[in-house]
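There are two complexes below, and they share chain A, which is joined by chain B in the first and by chain C in the second.
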Partner chain A sequence: MRRTILALTVLMAPLGAFADTASATIKDIIDGHILPRFETLAAQSQLLAATAEQDCDPTSDALRTAYGAAFDAWVSASHLRIGPSEVNDRAFALAFWPDSRGTTPRTLGALLSEQDPIASSATDYAEVSIAARGFYALEFLLYDDALMAAGDATYHCQLIQTISADIAVTASDILAGWQDGYADTMLNPSEAGTYRSEEEVLQEMFKALTTGLEFTADTRLGRPLGTFDRPRPTRAEARRSGRSSRHVVLSLNALQDLALLLTGDDAALSETLTNRFDRALQQIESLGDPVFASVSEPKTRVKVEIIQTSIDAISADVSAQLGPKLGVTAGFNALDGD
Partner chain B sequence: MKNPLLSTPALIVAFATPALAVEKADVLDTYADIAAAKYADSLATAQTLQAAVNALVAAPSAENLQAAKDAWLAARVPYQQTEVYRFGNAIVDDWEGKVNAWPLDEGLIDYVDASYSGPSDENAFAALNVIANPTFTLSGVEVDATEITPALLEETLQEADGIEANVATGYHAIEFLLWGQDLNGHGAGAGNRPWTDYAAGEACTNDNCDRRGAYLVAATDLLISDLEWMTAQWADDGAARAELTADADAGISAILTGMGSLSYGEVAGERMRLGVMLNDPEEEHSCFADNTHNDHYYDGLGVQNIYLGEYVRVDGRLVSGPSLADLVAETDAALDAEMQSKLSVTMMSLGQIKTAAEAGFAYDQMLERGNAAGEALIMGGVNSFIDQTRSIERVVTALEIDQIAIEGSDSLDDPEAVFQ
Partner chain C sequence: MGAMSTGRRRFLGGLLAAGFMPMPTWADVGHPAFLSAAAKPDGSYVLCGIGADLSVRFALPLPARGHAAAAHPHRPEAVAFARRPGTFAVVIDCVTGQQKAVLDAPAGRHFYGHGAFSSDGSLLYTTENDYEAGRGRIGVWDAAQGYERISEWDSGGVGPHDIKRLPGRETLVVANGGIDTHPDSGRTKLNIPTMQPNLAYVENGHVIETAALRPDMHRNSIRHLAVGPGGEVAFGMQWQGDGPVDALVGLHQLGAPIRLMSGSTDDVRRMDGYIGSIAIAADGRTIAVTSPRGGVVQYFDAITGQLTDSGTLEDVCGVLALGDGFAVSTGFGALQYRGGGGAIRVQTDFAWDNHLVSV
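Now for the complex of A and B:
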């Protein structure tokens, strides 16, 4: 009997400690990582909408600056595809990319040539295809040689204002969703709730990390890389506004923050991951190529491949060390299809 | 029940051994047996399609075109149920693009309407039209396509220029050749290719009827040989079966990977939700034939019958055996009940899409901007697929087969040198 009791005690002790740590980790991530990101996104998006109301000239510095700041805020939150961002396709409405069939320019072109009256209000515009909504659609209207000047000038202006206003509404809806319920949902898992246990909450957060790393390596870098014989520089993300490399940096900064919060007080793992992230970030800085044009030249292409490898190495450490520490695995994500 | 006396001792033995564990190896055998049956059914129905296609080309008529279309629709029923074997089995993934690649830039193959956008930034060969052009240049290489053969389709045209939308082979290429483009947008009706696109001499419409017939025959022949190959991989001595059964835990993990990835990323995400969000009638899996409601339905059914270990063949025979459901029930009966219930809910919501479509509310109509009822129907399917994936993740956890070996990163080369 004594041995049984002893064994039980040993088993229970780490579980109890884990529960305390888990709930503290979850709270830290919500308060210190998730909420601030969506607060910034909502604020910068409001600013973008207000700026567009004042000045809808695609070449306007004020408009482009406000656009850049709001887009930065989105990329820094783009790995958090959880709860409120998944309601009513909000995240997709902010960011439809990659667009492998050229749907965004085609849909915008149709709206401009038909002067579709749906662009007269942000409320109505929420019905429009996600291809013509959000930051990537706005990029075409502000930076694409053809689409920045296409159609009737008054309608073009209205379209920029409406898309900006629609972004602001969507961003503020996501923030409200977190503040008015979803943060509590994650803080209080229950048998009848979305999350049944703290492990399931941690798994969701862990999945945001692994999926974010996968997206940055395979899509943000992988799409322009293409193959050695057929590099695809025109597939680089937001290349028209010169933001491709910036997005990799912003996403890695955000993912590093999340990774370290998940790591908690494990100093050794924390150091390993910090080194890994720092290395990838230094490599991007040293590349000095804002739109990954270098993928076409064998000599410089290898540098982009190495950055991708460095991010894959972060993923490997995260899966092999952080996952087991948290007691979770990545599960399924939206990139699992083909 | 022919010999009740004989079966009685067996029953006694069964009751006397309470811990009749479900063996993972037996679950894997059932899974492989069902794969063999599904691919054999896909092959048999494709052979029926082949006979109908040959009849159409030999004796073009409206009736023979309709017969070929009917055969194509029937062939999709078993094939879509095999899609759950993707993602978990590398051998299936490496092969799948040849038979079911989608979406396609159909202008590569044949004539298209003026509204088709032509060569795009993404694909310079989106409007190549091989049927009208016996010779052309592809990525700097002169191609002789005077004779349209399975080899030309498979080796030269498929994924030409490294672009996935250049789909030259498989079900959807054949679908395009039978139905033609669906030019009805969000309105009622599927593609409406005239049978005279295959007619001889003066009666031929849209030119090059002989080359169109040759393309259709070559694509169908290729589908048959591809399905024959995959059916053989699941035979008793097949490579797919050997790979699956080499390690029991990895095999169970492969089953769950296929169920989860097909449900979530592929069907719920790429095929269903994206179409609703883009309001694009081309964003349907079978956009020429308007058969998308069935594509989704049979994908869902494939996930369900793999879990339950029961597949009804196209001739009505049942293939069944020890199942993943049995294995889960033994570990956690409540979780098995949850999983079964989620799978049933998905089939109900996919059934609602299917019945609405069959009653005249086509899938491309559901995708129209502002069509709230259509969006609700499709999102019902999406949400149930997403919900069942959560339960699949719980099954992964419960069976403790989640710790798949992940390659360490120590073996990576030192990349710093390149930057110095």
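Now for the complex of A and C:
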């Protein structure tokens, strides 16, 4: 198991000048980073649902394009596991991945073979196994050799339309949650509220950044990397639609935006982080491997490992340099999670 | 130790001739009161024996970061587990510092970092993940025969973490944390929406009782255990849900319902949803829990179920009942004891890892 090595000596830093700008930083992040992402997700998901209503052929360009745009919007927001996305497991309903035991294809296969009537409405469909909902389930229906052609054609079409409609409802619920309360909750911390201080709000945002980086390094890259003796290219995220590498890029772009907003006016740290992100993004671009198939060949595998190392280096800088500015301790045990 | 006297050598020779070997005991390694894994300033890892005066009696090298350990009830021998999802554990002879055996998890299993011995020390039990099935297992190892694996039992749930033995009997209690993970996804939690933690009591391979939380608390992962003198099981939880949680500490006894320990909303909140370690006093009256994320130690009255005291200590995690008080450790090197007889504070340059394990 690969773990980022973290400095043991990062101490709680007093919030100095940073506190003066804390509320401005929070507002910038909500208005400039969070809300636009969920607005795009809601809009693109509506478009996906509308497109699926018109054309449910898995090979349709229009459908696949709408799917790709909505999935892009999700990946760009997927690190924001805060508040409205966690209510009623909405984030899981959009994105059940990783699926280590193949629950998604198995559940979809059963729905298709039984023509389960639960797929006749998005409202009912919200009750099915969470593994059969969301973007990863839809990918199987649009791109998996077996599942894109499985079952009765009319039922298959309905399933695509229902999953798309369910995605649209979930995305719109998350946006509504932010617009109708949660943005205010974060903007106005109070003694009785979810967040008692601006420091707590910033720490929540910081956590979204660090867990997002960890997920991209350990899971988006770590799953296909497997071990040297046993690389697992078929475990790459969304490989059927050829989106694995694209997701790493989208997530890094989103995480860079958040990191720089959290950094505020610390020019030196901004520059350090910008260089780190640019380097990782440059490495992915020069790899030129959309599904990380190269993990199987020792010569090319090392390039994927280097990208992972670069993301770990971002995490290390974020923990050691940005964390203390936000009053986040990097304790040996606090970070352990066991 | 000085040269052995002629008389003692003759005595030993006599024992050898008679077929008796005087076995070393924990006294031979300086009477440690407890064990803890740690990271040294140079980044290497050790398993330490620590005396009741909080002095480090030995520091033996470990091949990787440890989590918890299990101390053999009689022999000066400790099993140190790699942290989750490690696939090995090392048995260390605390007299020589040498590895006596290495436990390799069987194919398709990994350890969770905790283990417990049978009362006579002949068997070691380890919590494990059967990760293809997503099912918790208890590995059974023959500690009398070079730690050969001899059996495997169901843990009664998913994601078993801590395991302890009830006093005066061979019943094991397992904290099935409920969280499904698979090594191919690192530590990513795969089943948060559907997780169902429980406490399971296991006797000779059979689950004799399980205790679960009420349904609205199903995202409270039961992780760490401390067993009191009457077989009462105190447990610490880690909240995986969104928003505030009512309680992070509970107490259970075979045949009875779970009781949750309560504090004010603020007190619960200070633990940041995360109990790292738990201990129960020798008389069973007081439960101590730590939160490294909150940097807080809290004490509960096991009878009333109410919070009685708390303190702050940065990156505190390890906690252990010691004498009539509690010892705690931190990732920043502190070892502290507070009891009726007073307080001891020691600052070391070791980063003390999660747990203190009683010898």
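One rule holds for everything that comes next: the second predicted complex is superposed on the first by the 309 of 338 C-alpha atoms of A that agree within 3 Å, B and C clash if a C-alpha of one lies under 4 Å from a C-alpha of the other, contacts with A are read in each partner's own complex, and residues count from 1 in each chain.
FYI, a residue touches a chain if its C-beta (ideal position, glycine included) is under 8 Å from a C-beta of that chain, and two chains touch if they have at least 3 such contacts.
On a predicted model such as this, the values are computed, not experimentally measured, just so you know.
Quick one: classify A:D218 as touching chain B (first), chain C (second), both or neither.
In the superposition, A:D218 touches chain C alone.
Determine, under the contact definition given at the top, whether A:I130 touches first (chain B), second (chain C), both, or neither.
In the superposition, A:I130 contacts both chain B and chain C.
Under the stated touch criterion, which partner chain does A:A62 make contact with: chain B (first), chain C (second), both, or neither?
Touch partners of A:A62: none, neither chain B nor chain C.
Please tell me which partner, chain B or chain C, touches more residues of chain A.
Between chain B and chain C, the winner on chain A residue contacts is B.
Regarding the shared-chain residue A:R101, is it in contact with chain B (first), chain C (second), both, or neither?
A:R101 contacts both chain B and chain C.
Between chain B (first) and chain C (second), which does A:A153 come into contact with in this model arrangement: first, second, both, or neither?
So A:A153 meets neither chain B nor chain C here.
Using the touch definition from the top, say if A:A24 reaches chain B (first), chain C (second), both or neither.
neither
Touch check for A:G226: first (chain B), second (chain C), both, or neither?
both
What is the contact status of A:D89 with respect to chain B (first) and chain C (second): first, second, both, or neither?
both
Just chain B (first), just chain C (second), both, or neither: which does A:N333 touch?
both
In the superposed arrangement, what residues of chain A touch both chain B and chain C?
Shared contact residues on chain A (touching chain B in one complex, chain C in the other): 89, 92, 100-101, 130, 226, 235, 329, 331-334, 336-338.
Hey, which residues of chain A end up touching chain B in the complex?
Listed in rising order, the residues are 89, 92-93, 96, 100-103, 106-107, 127-131, 203, 226-227, 229-230, 234-235, 279, 282-283, 286, 302-303, 306, 309-310, 312-313, 316-317, 319-320, 324, 329, 331-338.
Going by the contact rule at the top, pick out the chain C residues touching chain A in the complex.
My answer: residues 39, 43, 67, 83-86, 113, 131-132, 134, 161, 182-188, 190, 192-194, 223, 241-244, 276, 292-293, 295, 314-317, 330-332, 351-354.
State the interface residues of chain A toward chain C in the complex, per the touch definition above.
Residues in contact with chain C: 1-2, 5, 8, 11-12, 83, 86-87, 89, 92, 98-101, 130, 194, 215, 218-219, 222-223, 226, 232, 235, 329, 331-334, 336-338.
How about chain B: which of its residues touch chain A in the complex?
Per the touch definition, chain B meets chain A at residues 87, 93, 103, 117, 120-122, 161-162, 164-165, 260-261, 263-267, 269-271, 273, 276-280, 369-370, 389, 392-393, 396-397, 402-403, 406-409, 412, 415-416, 418-419.
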